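Letters are used for the chains, namely A, B, C and D, taken in the order the chains are written, and counting of residues starts over at 1 for each.
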Amino acid sequence: MTHHEVEKYRTPVRVLHWIHAGSFVILFLTGLVLFIPGLAFLAEDSWTRLIHRIFAAIFVVAPVIYIILNPKSMARGLKLAFSWGKDDMGWLKAAPGYYFQGYEEGMPPQDSMNTGQKMWWLMVIVFGVIFVITGAIMWFAKTAAPPAVLQWMVFIHDISFIATGTMFFLHIYLGVFHPLMTESWNAMASGKISKEYAKAHHARWYAEISKDKE
Amino acid sequence: MELSRRDFLKGSAAGIGGVFLFDALAGGVALAAPIKKIQLTRQGKETPTICPYDASGCGFIVMADAKGKVINIEGDPDHPINRGAACAKGASLRQLSADNPWRLTRPLYRAPGAADWQPVEWGWALDKIARNIKDTRDAAFLPRDKDGNIVNRTESIACLGGSALDNEECYLLVKMARALGLVYIEHHARI
Amino acid sequence: MAEKAILFDATKCTACRGCQVACKQWNGNDEYIPTEPNGVKASNRGSYENPPDLSPSTWLKIRFTEVESGGRVRWLFTRQACMHCTDAACVRVCPNGSLYHNGLGFVEYNKDTCTGCGYCVDACPFQVPRSTRSLLTGIAKMDKCTLCTTQGLNRLDDGMEPACVKTCPPGALQFGNRDEMVAAGRERVGTLKTMGWSGANLYGENELNGLHVMYVLDDYPAVYGLPAAPRVEGVTRAWKNVIQPLGWAVGGLTIIGLGMNWLVARTNAKKEAK
Amino acid sequence: MTNHWNDIANADVIMAIGSNPAENHPAAFGHITAAKDKGARLISVDPRFTRTSARADIYCPLRSGTDIAFVNGMIKYVMDDINANPRNYNMVYITEYTNAPYLINPGYKGPGELNGLFSGYDPGKKSYDKATWQYQLDDKGIPKKDKTLKDPDCVFQVMKKHYARYTPEAVSRITGCPVDTFLLAIQTFAASGATGKAGTILYAMGTTQHTYGTQNVRSYAILQLLLGNIGIAGGGINAMRGESNVQGSTDHCLLYHILPGYLGVTQNTDTTLAKYLERLTPTTKDPNSANWWQNYPKYIVSLLKAWYGNAATKDNDFAFHFLPKIQAGQNYSHIALFEAMDAGVIKGLMVWGQNPAVGGPDANLERRAMGRLDWMVVADIWHTETANFWHRPGVDPATIKTEVFLLPAVVSYEKEGSVTNSGRWMQWRWKGANPPAQARDDLWMQDQITRRLKALYAAEGGPGAEIIGSLVWNYGDEHPDVHAVAREINGYDLATGKLMGSFANLKADGTTSSGNWLYCASYTEDGNMAARRDTTPDMFNVGLYPRWGWSWPLNRRIIYNRASVDLDGQPWDKEHPVIKWNPAKGESGGWDGDVPDGGWPPINVNPQTTRWPFIMKAEGHARLFGSGLVDGPLTEHYEPWEAPVPNAMSGQQNNPVIKVWRPEEQGTPDKYPIVCSTYRVCEHWQGGQMTRNMPWVIEAQPEPFVEMSEELAAEKGIANGERVIVESARGRIEVVAVVTMRFKPFQMNGRRVHQVGIPWHWGYTGLSTGPSANELTPHVGDANTMIPEYKAFLVDVKKV
């Protein structure tokens, strides 16, 4: 680490992120073939279904292993996701101006996760659980469960797919493409971001870690 | 053979996607049967026949390929009795064919006291059967009864069966059995 | 092409199950009983009704129902197979159009393109489609009655009746133009009513906008174990009508929105940099 | 069958009794449906509610083994109704075509007077002296008649007295069928007694498999004759037979007591051909009786010529003594055969496509008896229980010294030949597919064995070697020519070498041959009649299909068809004529339609040259009262050998003339209170050796079961689908319980009698195995035919 940089994400977090993100992408794509009839040839003989299942398993197992290995970290993360304050309201107000116009003025100082990231994080948790439950029922209870239940599982799974899919685009966009989020990618790729970036985007968190060092 | 043929199967014909694909079911999980692609089979030769089950005498059409392998069997639509219809047994006639792996394929012999069958040659089996018949018959042949009446019979050999045979086979069988002096001649009609 | 239909007269069926076997014979469907070294493992569970359920290799099964009313025992025989609905739930939910109506009004399917999602299995109001499905891998293919229009085994193209219709000894099954079958069915129902069967009805004439397998019943459908008013469930309708378009719409809007944002934000960012 | 399958469609009312056509003759049901579509009513009389009952307009439950009581009650109803409403019946038919007006020996007494016995019973011999069952003869030796039917000795009055005891209430007490249901059934069926109406009776093994099975059939025949239903389209008594060629094999007489064409078997007292003929050829003094069996000598001589050719000469009684003679009075039927095997008399057994280890009564006994054989030859297409008896469950093969040969046969469509269906239609089958490489047809096996035997006897000699040496056996060197056999069966004019065209031309002088006179005309100079496939309808379009295949006798499709017309030769039923006298035909008139039962003119057209319509009877009239059977001239109710109740009709519990081999194996109602019946299901066939290797039908009907009422199940604490033990005095089996509302306990004399039923198709060999119902059945048979009593015996049922 150069003295210009701070560590944003530790390695286990990043590993988890990428595994989870990767399996999500594959789950997303193998699910997408059902939504786009033109892609259905990819699904012939159910290969996409097999892949979907393999990555569904990874999608479930990866966070579980993380919880086992790093319970405290996960607890912290969860705590963060559910701690909302007035700064978050402020973020919401300031976000459109910020993300379109680059007006930084109205943006309150953010924690290591800004409010948008927190919202994403919440979605991951909520929809992740929904996906797992509905998916597991469709997977393992196909013959046992009543058809009506299964139909509702499909419905919920699909709605969740649309919701998360949409958010996923946003997530990638903000992380990779948005002109202002210049170091977000680095944060997840190398784990490090510049102090300037940290100060600008995660002021509260930066204040906290700077204080610790002193 | 004059037949009022019927265009029973014109263009395409039945395929047998492995009538006896049991192995795929191994493990007892019926739901794990393989995905089956039905094969197209070319048209074969049609031969009318009569059902071997009950005595309704329903007509069927056997379709076989050039090697005499059955492709399809279903009711003969020209037949006045069943007009093409078939019950569960009739509809499954194809499973009687040589493709059924449980058909007997060669003569079997079980020696006295033996624990199992052994395959034998036809010639050997027929020779031994004829020898057995002669020995058993001759040992107990009764030319006359105790009152001196000519009876020319043997009670030591019995013959059972016949209603699954053709008329001509029944006739030869009864002719053979009576010539040997058999009196214990019976078949399904009695039971 | 005129719509065709099967007319099943439950008052003539003798449950000989010729149709059940003829269907397998023609379509090359194997039996669905597991083997063991010297035989098969199949069991009777206290009923004549076997195999116990439809399956990817049992597209047609006769259902046996015993009822007793007014001191009179009745043994009812019903055909259980695809009804080839006009408003077909399976067609509605099939994500990629593997299930579709053919020119005769039947619900055909392309097994090659079937993804095995199983949505049709759950959506069918008559619980007909079945899929071979590995519990572990999820690899699956749906199967059901094609009314003998399976590619390569198409009897109708060759001017033959479906295998089940042809094989029926008591003539409980007829096949022909749908309007003729409706007329025949109505006439038979009329006869049954004059014989005292006040609940006689032609099932499938209007159900789900018209079934292509219609039943002459001498009693109410519920007695025969048929849904009195079969319908395509809301969630089923929602799949192609709501979820799929919603998915496209939301997905599309998201991409458009983000694209716009990028253009705007980049312009602003450039301005600032200058 | 007096009629045939397609003819069922002509019926106005159909009674299925002792049969279940929907399951066991499904093709028949197409014709039943056709009749129903035209308004016919179907009555199902059965102990259990079957798939036939499901389609019936009227279902009559009756306790197994009480058919005679049921039908006797019907006969009583009809006789009473004939008195009350004679116009509803065909009185001309009754008085002119049946023996109703014949006077019976005044010494005759019936069971009403003799506590269940007919006159002439000898308790020591357990048999009847039939002297008092005969007709009174006039001075010319012709039976006396009273066409007013008033004479107390006339058959009609004798019957009235006999059947008066079978009131609806008595019927209900015995059978368990409610009185109103019974009355509805007979009222419906009796409507077919009207002139021009037709009712048919369809029966099967439910009728015959009783210790009084033949009398069951007799009761149907009597009812049908009173209703004028024999000989007409849509009528008849129709035995629906169970194997593809059981009719043909019976016609060719693979049965101990007859020779091909139903000629009586020769016995030790037949010291000459003349004595044999004297014993069997019926005679009559009535000039108007055709007495067709007077041709007996022509048929037996033609048979001997077919078998022994030039060795059969007038000088040696046409080789009459080459025929084996049974010992008079001894029984050699299936049950007797296995008793003899068990006693060690029989040392060798040939089995051709039969499976007695499953299908025989008291199967455990029959399997045990097989172990006493020196050798057994089985020809079949599968492994059967019979061929594998030596390693059946629970048996050490080392203890069984029987040598067994199992020869692989071919199935019906892998060979060529003819079969005869239940309606007497002989149909040719062609070879349509190849068998497994080493499988051979039975014809080839028979030919091979016989040729080897001929060679052995020629080389070594032996007792009766000349018989085998003289046997005509020339069917080709390689594969026997099936057409040559078919032609031999038909017969030749030996002078010209031409095929016979009709059995009417057979001769007793040795100038003709015919292997089976009934089949004479089946393969003529015009070709193979059985192979015809011309669907041209008959003249009157009543479904005869006269050019499809061939039907014995002489292509006659409905036998006794001369009873279908009035005295002027005009059909009773104008809509469905079978035959019709056409005065314009030929020189002096002739018959149109079906091949008539003899071409003689109708009674009113020429009273001199006419012949009475029932030409196979010496008196030319159908026998309402008949002395032909061993157990009585009229039908009387007895209980099955094992019955849950005492006989409510008389003190005679069982048929008094049955032979019982094993009295110690009789179960009693205190130990075995439940009536059991065995039967078949649509999806399987007979002993199961065919269908239990065919997965499509196995999955449809996978294992044996016992059907029982909900009431019995509740009493025994049995739930549907549970495994239960069914036990009789002979054996015990474990099967699945099918608890169903289709079975109901019978209420009789205030008592509740339960009935259960088990399909008997299973055994220990094949893909689908299971216990055999015949492990339970008794080794006792009908008094006349010895057909075992499979349909009514006693068991107990309990939870495993």
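Simple rule for what comes next: contacts are C-beta pairs under 8 Å (C-beta built on N, C-alpha and C of every residue); 3 or more make two chains touch, one makes a residue touch a chain.
All values derive from a computational prediction rather than experimental measurement.
The most central chain, judged by C-alpha centres against the centre of all protein C-alpha atoms, is B.
Counting C-beta pairs in contact, the pair that comes out ahead of the other among B-D and C-D is B-D. Centroids built from CA atoms put chain D at 23 Å from chain B. Centre-to-centre separation of chain C and chain D, using mean CA positions: 46 Å. Centre-to-centre separation of chain B and chain C, using mean CA positions: 39 Å.
Touching two or more other chains at once are residues 26-27, 30, 682-683, 695-697, 700, 766-767 of chain D.
Each of residues 20, 31, 35, 73, 82, 85, 87-88, 90-92 in chain B touches at least two other chains.
Contact of a single residue of chain C with at least two other chains is seen at positions 16-18, 20-21, 25, 30, 32-33, 35, 133, 135, 139, 141, 169, 171. Checking each pair of chains for touch leaves A-C, B-C, B-D, C-D.
Residues 16-22, 25-30, 32-35, 41, 55-57, 111, 132-135, 139, 141, 150, 152-154, 157-160, 163, 166-169, 171 of chain C touch chain B in their complex.
Only residues 22-23, 26-27, 29-30, 32-34, 49, 51-55, 59, 681-683, 695-705, 720-722, 736-742, 744, 766-769 of chain D touch chain C when the two sit together in their complex.
On the chain B side of its complex with chain D, the touching residues are 1-4, 20, 45-60, 62-64, 67-70, 73, 78, 80-83, 85, 87-93, 95-98, 100, 102-117, 122, 125-134, 136-141, 143, 145, 147, 149-191. On chain C, the positions that touch chain D within their shared complex are 11-12, 14-18, 20-21, 24-25, 30-33, 35, 38-40, 42-48, 50-51, 66, 68, 73-77, 169-172. Of all residues in chain A, only 33-35, 37, 40-41, 43-50, 52-53, 99-102, 138-140, 142, 147-148, 150-152, 154-155, 158-159, 161-162, 165-166, 169-170, 173, 177-180 touch chain C in the complex they form.
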